[in-house]
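The same chain A turns up in both complexes below, where it pairs with chain B and then with chain C.
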Partner chain A sequence: MLNIMAISLKGIFRDRIFQGIMGLAVLFLFIPSAASLSMRQVTELSITLSLSLISFIMLLLAVFLGATSIWKDIERRYTYSILSLPLSRTAYLLGRFLGIALFMLLTALFLGGVAMLAIKVASVLYPPARPVLWIAVLASILYGTLKYILLVAVSMLLATVSTSFFLPVFGTICTYLAGSITQQVYDYLHTPAAVKAISPIMKQAALFFYYLLPNLSAFDLKVNAIYALPLNASGLLMTALYFIVYTSVLLAAGAILLGRREMK
Partner chain B sequence: MNAIDISGLCKQFKGKKMTRVDALKNLDLQIVPGEVFGYLGPNGAGKSTTIKCLMGLIRPTAGTATIMGEPVGSVASRTKVGFLPENPAFYDYLSAEEYLRFVGKTFRMPEALLSRRTDETLKLLELWDARKRPMRGYSKGMVQRVGLAQTMIHDPDLYILDEPMSGLDPIGRALVKEIILDLKKRGKSVFFSTHITDDVEKVCDRVGVIVKGQLEALDSVENIVRKGIEGYIVQTRLGQGEHDSLKGFNITRRNETFVEYFVPVAGFNEFIALAGHHSVEVTLVETKRKDLESFFLEIVRKGNS
Partner chain C sequence: MNRVLRPSVVMLLSLACYGVLLGPFCAYMKQKPVEEKLGYVPSATLLRYLATDQKEFVAASLVMKTVMYYGGIAEKQQTNVVVAPPDLPAMSRLLHGAVKLDPYNMDAYYFAQSFLTWDAKQYKLANNLMDYGMKYRTWDWYLPFFAGFNSAYFLKDYSAAARYYQKAGELSGSDLSRLLAGRYLQESGQTGLAIAYLTVMEKGETNEAMKRNYHIRLTAFREVHRIEVARDRFKEAKGIVPTTVEQLILGGFLVPPPVDPYGGTFYLEPDGKVATTSKFAFAGVKNEKRQHTGE
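Now for the complex of A and B:
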């Protein structure tokens, strides 16, 4: 498994898609000057722009790396040689996942470092009303990374059953979009207005999807980072546990499906 | 314990319009240790399906199979095999050396042994000069040789090779045949599929012919060759003895010095006795036999009908 993880990591670093996506990191250089356009909240805007850019890069990486890793192996018939080695399909899937997850963490570390530098420059040039809460910025980057690692697990699950590129890529994007709003839908369903407007069947269907789809808004700590709001330790712990359980379930389902798949 | 033991193996695929296609029908086959077995069959006969079942890439619909006593599909069964898939493809961002090291590590080879074996195998397969280059720049023949190298790196007791000569030039094919013969000398078992009967005749101990998912023939190469003897071409010198005594035999060629007769197996002793009795000098005796290709084509025709 570690062996697969190592060559997955090597493959990503040598991949042109990765190199292209990482080219976007150049945009960090423009953040302090772009943030200065806001006049008053320069530091807050630089935090927003930095976290959003990291988020965008990580989303692209999660979708393309997660969705294409297993699919490409099957499509290009690499699986014939890999799966005939003394390696279980579960180990292969976990190795591929861990390789991408480790890469996402390394990328977050690098981008996070560059982002913090950009924020620091902005905060020195335009001191904010409230001091920057670095721990919140760090937590926001870390939890954002966990969110995209979870998304990688979604894309890998879809790739284990898919025969084409479309399901893993578009399925992951749809899951990302839906997962980002499920909490809002859930909150709305529990308002008095929704009780009158939504039929019980629709409500049940919405609740079903709320529990089925990942709740990605739980990983969003941008507001805490931007406005230097204190973090809720128990909330962070719950989200971390949610990440572990949900990702494990996705990977277990992926391992079962890949185990049953025939490499014709 | 057999190297490969297949018993009643069946594989059905879903066809178009809910139909079922029998890719393998009740296959029984045993490969003994140290044997080189050629698995012949036309395209779509079930050769690759058999191999994929053995390697756990697809699940048989019925029947059982073991590799060195381990049930196929288990990780343990794959630890004892070197497998070359048909038209192999490997992570092309890796170099041949990196890929071989990856395979060796998957087989948990000790570092020192892995380094030594990697170097030896790369040199043997003539990949030494290209060992550091990513495989995306390799020719088809080079990729095929990397495929062979990765089967040999851990020196397994059993080799399962799906069309090992495919994509190789005559020099590459000769090298592969040499390697298979060397493996045979070292007591390794080799199970390989091919279309090329000439390869089988030169390196195999036994041959199986599969047609439409059914094993139609299974015999040793020696037996097939022996059974294939149709008669003899006997050359005699003219101007000596009484050639009229041999007129019961068909003349296939004649010139001013020699006559060539076709003598059926059953008539050979009589021919020699007559020639001796009438002082006819026999200058050459050649066996006329069907080659393996004729045998193969005959089986395929029978299977198709």
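Now for the complex of A and C:
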């Protein structure tokens, strides 16, 4: 499994994805000057832009790396040679997942470092009304990364049953969109207006999807990072546990489906 | 040879076409209707769903779009270029959408305070927005400071003003707000309050167009203050209330003569209050000229 993880990581670096990310990281240089357009919250805007850029890059990585790795192996028939080795399909899936997850962590580390430099420059040039809460910035980057690693698990689960590139890619994008709003839908369903407007069947269906889909809004700590709002330690712990449990369920389901898949 | 020559010719032709198209295309974009330039914004509820985890970024984009749009018009007005007045309701819609997405966004409150009061004259709407912001930005003294000024200066609600200024004073740890509240509660020194408020606004402003806007307004209010002082001295010396600004100038009470930076002319209302034909806006002078020419 560790070998597959190392091979996956090497493969990603060989595909020059990291060079592409380094190219995109140039955009961080422009963040302090772009944020200076703000009238009253230059540092806050530089944090917003930095975190949004990281989030966007990580989303692209999660969708494309997660969706293509297994699908590419099956399509190019690499799986025949890999699975002929003394290696279980589960170990292969986990190795692939851990390789991508490690790459995403390294990317987050790199982008986070550059972003924090850009934020520091902005905060020195335009001191904010409230000092930057660096721990919240770090937590926001870390939890954002966990969210996208969870999405990698979603895309890999879809890739284990898919025969084409489309289901994992579009399925992951749809999960990302739906997972980002499930909490808002849930909150809406509990308002007096929704009680009158939504039929009980619709409400039950919405609740079913609320519990089924990943709740990605829990990982969004941008507002804490941008406006230096205190973090909720027990909430963070709960979210970390949620990540571990949900990702484990996805990977276990993926391993079962890959194990049952006919590869001839 | 053909493999390089043909694409090169096509590329050169395409570049030439691009050069030809660029002029009319830019002209078309420049004269696009305001609604298209500011863009249609779906309801804030829908935007919250569409923005996924980029709510703060979308909110900042909406604010920036509004600031750029207004800044462009303000700059033209300041250089006496005739332009259509800004679409204030559309700007208000955008900023309200922005704070629904990110209720902490200070730029949105600050900019809304600027144009909803002086330009759009929507004082209650501005204060409702400040009240909304105060629920989130609990540490920020600017929001109660703005609301206090609006209550006192525009809405003449002195008890609300005192309440807001008290809150601003507690948050800022400075006596400025309490001082302003006290002055306004006496129902005197309205111009003084406006000058104090605008000085604070100008000092903290980083956007050049907005800073110039505040500076011009501050200059106008300083001129008003000079006229008020001269009016009171005239009344004290002669025992009668002056009816025109010219009386003050001729009597040597007002040297040099006041200049309205908006291009209008100062005059005294029947109750002695100082007013200007510009109504403290570049648009005011244009409207006046239009009325004179019978347009």
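Basically, the second predicted complex is superposed on the first by the 257 of 264 C-alpha atoms of A that agree within 3 Å, B and C clash if a C-alpha of one lies under 4 Å from a C-alpha of the other, contacts with A are read in each partner's own complex, and residues count from 1 in each chain.
Following the convention adopted for this analysis, a contact is a pair of C-beta atoms (placed from the backbone, for glycine too) under 8 Å apart; a residue touches a chain by one contact, two chains touch by 3 or more.
All values derive from a computational prediction rather than experimental measurement.
Three-chain overlay on chain A, with chain B and chain C fitting side by side and no clash.
By the document's definition of touching, of the two partners only chain B reaches A:Pro86; chain C does not. By the touch criterion stated above, A:Phe97 is placed in contact with neither chain B nor chain C.
After overlaying the two complexes on the shared chain, residue contacts for A:Tyr148 are found with neither chain B nor chain C.
Once the two complexes are laid over each other on the shared chain, residue contacts for A:Thr48 go to chain C alone; chain B is not touched.
Shared-chain residue A:Gln184: touches chain C; no touch with chain B. Angle at chain A (Cα centre) between the Cα centres of chain B and chain C in the superposed arrangement: 150°, in steps of 10. More residues of chain A lie in contact with C than with the other chain of the pair chain B and chain C.
Contact with neither chain B nor chain C is seen for A:Phe18 once the two complexes are overlaid on the shared chain. Fitting both structures onto chain A leaves chain B and chain C with a minimum C-alpha separation of 25 Å. Within the complex, the chain A residues that touch chain C are 36-42, 44-45, 48-49, 51-52, 55-56, 126, 129-130, 144, 147, 176-177, 180-181, 184, 216-217, 220, 222-223, 226-227.
Per the touch definition, chain A reaches chain B in the complex via residues 3, 7, 10-11, 14-15, 76-81, 83-88, 262-264.
Residues 13, 52, 55-59, 75-76, 78-79, 81, 83, 85, 87-91, 93-94, 98, 102-103, 105-107, 134, 147, 150 of chain B touch chain A in their complex. Across the interface of their complex, chain A is touched by residues 48-49, 52-57, 60, 64, 67, 102, 104-107, 110-111, 137, 139-140, 142, 204-207, 210 of chain C.
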